[in-house]
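See the structures that follow.
Heads up, the next two complexes both have subunit A, just with different partners, subunit B and then subunit C.
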Partner chain A sequence: MKKYKTAFFVGVSNSMEYRFDFFMNLLSTVFPIIMQVFIWCSMYNGSDGETMYGYTFPQMIMYVVVAGAVGKFTNTGVEYMVNEDIHSGGIAKYLVRPVNYVGFCLCNIVGNKFASMITMVFVTLGALLVLFFAVDFVAAPAALLLFFPSLALAAVLNFYIFFCLSTLAFWLTEIGNFFHAISVVIMVMSGGVFPVSVFGSAYETISRYIPLTYTINYPIRILSGAVGAEEAVKVLCIQLIWIFILAVLARCSWNLGLKKYVAVGG
Partner chain B sequence: MEGIVVKNLSRDFAYYEKEAGMKSSVKNLFHRAKQIRHAVKNLSFEIQKGEIVGFLGPNGAGKTTTIKMLSGVLYPTSGEVQVNGYVPWERKKEFKKQFAYVAGQKSQLWINLPAVDSFALNKSIYEISDTQYRQTLGELVELFGVQEFLKVQVRRLSLGERMKMEMIAALLHRPKVILLDEPTIGLDFIAQNNIREFLKDYNRNNGATMLLTSHYLKDIEELCQRTMVISHGNLVYDGTLEQIQDVFSNRRILNIHWNSPVQKEALVSLGTVKSWEPMRAAIEVDDAAVAQTIHRLFAMFSVGDIGIDAAPLEESIARLYEQGA
Partner chain C sequence: MRGRLHELKWYVKVAIHFGKLSLQSTMEYPLDFASGVCVELAYMTIKLVYLYVVLSAGMKVGSMTPDMVIIFVGTYIFMTGIWMLFGGVNNIPGQVVRGDLDLLMTKPGSLQFLQTFGKFNFALAFPNVAVGTILIIGGWRRCAIPVTISHIGVFILYLAAGIVLTYSFGLMAALLVFWVTSLNAVSTLYAALWDYNNMPMELYPKVIKQIGTFLIPIFLVTNWSGMAVLGKLNPVQIIWGITVPGLALLMARTMWKAGIKRYTSANG
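Coming up: the complex of A and B.
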């Protein structure tokens, strides 16, 4: 078990090595959110009704602001790490050592993102404070309490989704652009840009049965109170189930890919 | 059984060829002719516990492929391998804990981290106890004299320093079998010497089995009691380096200094002139003809000094390389 703890700390110190990158990453979260706030301002101004897609203006602003932070929080970037390891032959160093790659990756990534995750929590809290003054948004204590566990599970869930995708690197040589494209699609479908309800009720229904919305949309709805405490616990359970399913899938596709890898060599 | 046993090991690779030009690029989109390359052909050998064996061969001979199969990073197409009684590609935990793989060209360290962090990571991966870790690390660091570089990010180290760190990382868990793929590549001769001395020491103190590939004959000469030469995937020689010399070189080089200048043309009838300057020359002759040639030299010219050398080892080995084709 200790090896995975070390992997975590290695990740933490790894992320500290590049301070500039760290702050740029932070900055890159803020700009899109500001853009969105302006867009929604003008859209609500131009519309007649009180609500759009079932959200009042304060709710919508709260959604996009928090979605930006949550999206950043749950995005692990594991696909680039795995892709790099596979194509540079770096996985050999895990193959010859008594260590499990998936577990190592998870701990390393969580460690790697740890500093930015902590920062994101504060950014989110700060944003909520601003929202409190700007649009009179108040989060219920129970909602806040349930929000953070769901956020942590969302990050793990996201890790496994992308880990599964990244094992495609075993079969495809050039996959960097695919990751760029697919991560945008996944981000949007998860509700990382605007509420899932914007896509219509059909997708809203489907979204309940796929893991994507449980990475961003549901945690935010828990925070906003759109999902009540009782249902929120259910959401946490569903997150756990998806994590389990995807962890099994990740392990299978990793082993399958590895068979191919050691068959052709790196 | 400890040591390495390899039986009829073969490995094929499939690859695709493309003719030059745009037209064949388009054609390749629809149909690619699959080619098979036999990287390793029916290789068999045994290495005893505690032996250091050198693995020589030209580029593309199959050295790295073999080492990769021995370390379990690659499946063979056919054949059997046992390393200390384990089948490498089953990648059992107990097996991994008793061998190490060092590659000069591919870092086994986490290059964004200082070496000492990589070591700590290896410590927990191999579940090394604190006392053993401290002791081993202390020993290795002192041996290599890398104390001052421990806390520097590995990517900022020079190749020589990095390689020393690689060795330390590989040996922290005190492996019983070490597979080294060109550990001294690109290093200056001092660093090469360091690594060699170090491996010798480690072998002496721990009785570890080692298989190492290198293009530097000096590595093999100094370290290995036994040399295997592989060419085009075939094992073409298994024995000592000196024997290669004996078997493959019946040629001698006569190094002669003259008392007065001698023309090159005057020497051609005696043997192959390898080098020539007015006051000296090197002539290659068959070893049976040495005595007779020296006689003729003394009769024809005023010889100041004469030395007889064996033809360089490289030439004998180059001949071996050609055999595998």
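Coming up: the complex of A and C.
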């Protein structure tokens, strides 16, 4: 257990090493949010109805404000870490050590995200306070309580999605660009730019049966109150089921990839 | 005067040669080219999603109809392609950190020219320029803008001004590497600012419009050409749109000279 605890603390110190980058990245999240807020203001001003795509104006503003931060938080970057380890031969050292590579990566990334998680709590509470005064948005205490566990599960779920994808590096040599492309597509499909309902009812229905929307769209729906407390608990259960399925898949693809792995070096 | 003209001719010839070499090296690895195109197509998805929302909701952006918005989004995507094309500009931070400017310094010709026009990234530029052009033409037709020499001329004039601004702003952002150790945060911030052009500037309130026009004139890169053909530029904006690219180029040149003075290398 001690080794996984160490991996966690290494992650924490890594994330705080470049504090300027960390806060600048946080600031760069704000710019697209401002643009989206103006888009929705313009759209709701020109619309006759009270709701658009199933969201009231305060709910939609809350969605775009929180989506950027949630997207940043759930993005683990594990695919680049695994890709680097596979292609540089770095995983050889993990194979001879009494450590589970997947567990090690997970603990390291949870550690990396620890500082972000604390920041996220304050950013979310700050954003909710601003939204309360700006657009009269009120988050129910139950929604707030259920949001943070769903957010933590979303980060773990996202970790396993990308870990499964990263094992493709065992078979493909030049895969860095593929990760770039797929992460952008996944972000859009998860509801990281616009709510999933914007893409039409057909995709909204499909999205219930794939893990992607449980990483961004559903946690924010819980916070916005678009999902009731009972359904929110159901969402948490679905997230756990997907984590279990993907953890098994990650383990299988990892073992399969290791059979193909060859390392030569001293 | 004749000497200057001769020099300019030489630089144009060398730039074309660099372009040919970059294209050849891109085609050497077709898979790299394809993966670069895929990455840009993925990023373009986000840009097009914004347009999809505007078109599907029939949303007006200020006085702009959804059809007019197509021209602006097209110009923005086109200009993103131009930004990506300047591989030499975007490579500056890496080159400086690795000390790779040493070899270039020994070559004849302007160092700024050799560095910034020495490499073009066609893989990243191609999808953006292609889709951007299609959107501009599509939007132009849907808005029923007459295809006259004056309309095309004024559009190309401000498009060229936008290209000069893209080069100058990109260069200035990259040159910060001479003063800042890690450029990651600066690049992210610049990209975020650039993305404000994803929608016409009419979307934003007056304060942001003024900042984006006069303080950090990022809106001039993609808005002016569309506004010019739609007859939405006032006399001040017309003059400002022609003046700023020259000033920005001058600033970038000054910053380059100041940055190069700080360059030190212990390359072997």
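As a convention for this text, the second predicted complex is superposed on the first by the 261 of 266 C-alpha atoms of A that agree within 3 Å, B and C clash if a C-alpha of one lies under 4 Å from a C-alpha of the other, contacts with A are read in each partner's own complex, and residues count from 1 in each chain.
The definition used in the following text is that a residue touches a chain if its C-beta (ideal position, glycine included) is under 8 Å from a C-beta of that chain, and two chains touch if they have at least 3 such contacts.
Keep in mind that this is a model prediction, so the values were computed, not measured.
Superposition of the two complexes onto subunit A shows subunit B and subunit C fitting side by side, with no clash. Within the superposed three-chain model, A:Phe178 lies in touch with subunit C and out of touch with subunit B [touch as defined at top].
Shared-chain residue A:Val99: touches subunit B; no touch with subunit C. Considering which of subunit B and subunit C touches more of subunit A, the answer is C. Of the two partner chains placed by superposition, only subunit C is touched by A:Met35; subunit B is not. By the touch criterion defined above, A:Ala229 lies against neither subunit B nor subunit C after alignment on the C-alpha atoms of chain A. Angle at the C-alpha centre of subunit A formed with the centres of subunit B and subunit C, after superposition on chain A: 80°, rounded to the nearest 10. In the superposition on chain A, no contact is made by A:Ile245 with either subunit B or subunit C.
Contact with neither subunit B nor subunit C is seen for A:Leu129 once the two complexes are overlaid on the shared chain. Closest contact between subunit B and subunit C, by C-alpha atoms in the overlaid model: 7 Å.
Across the interface of their complex, subunit B is touched by residues 2-3, 5-7, 10, 13-14, 17, 89-90, 92-93, 95-99, 262-266 of subunit A.
Residues of subunit C touching subunit A in their complex: 31-32, 35-36, 38-39, 41-43, 45-46, 49-50, 53-54, 56-57, 59-62, 182, 184-186, 188-189, 191-193, 195-196, 198-199, 203-205, 208.
Residues of subunit B touching subunit A in their complex: 13, 65, 68, 71-75, 89, 91, 93, 96-97, 99-101, 103, 106-108, 110, 112-113, 117, 120-127, 153.
Across the interface of their complex, subunit C is touched by residues 18, 20-21, 24-25, 27-28, 31-32, 34-35, 38-39, 42-43, 46-47, 52, 174, 177-178, 180-182, 184-185, 188, 193-194, 198 of subunit A.
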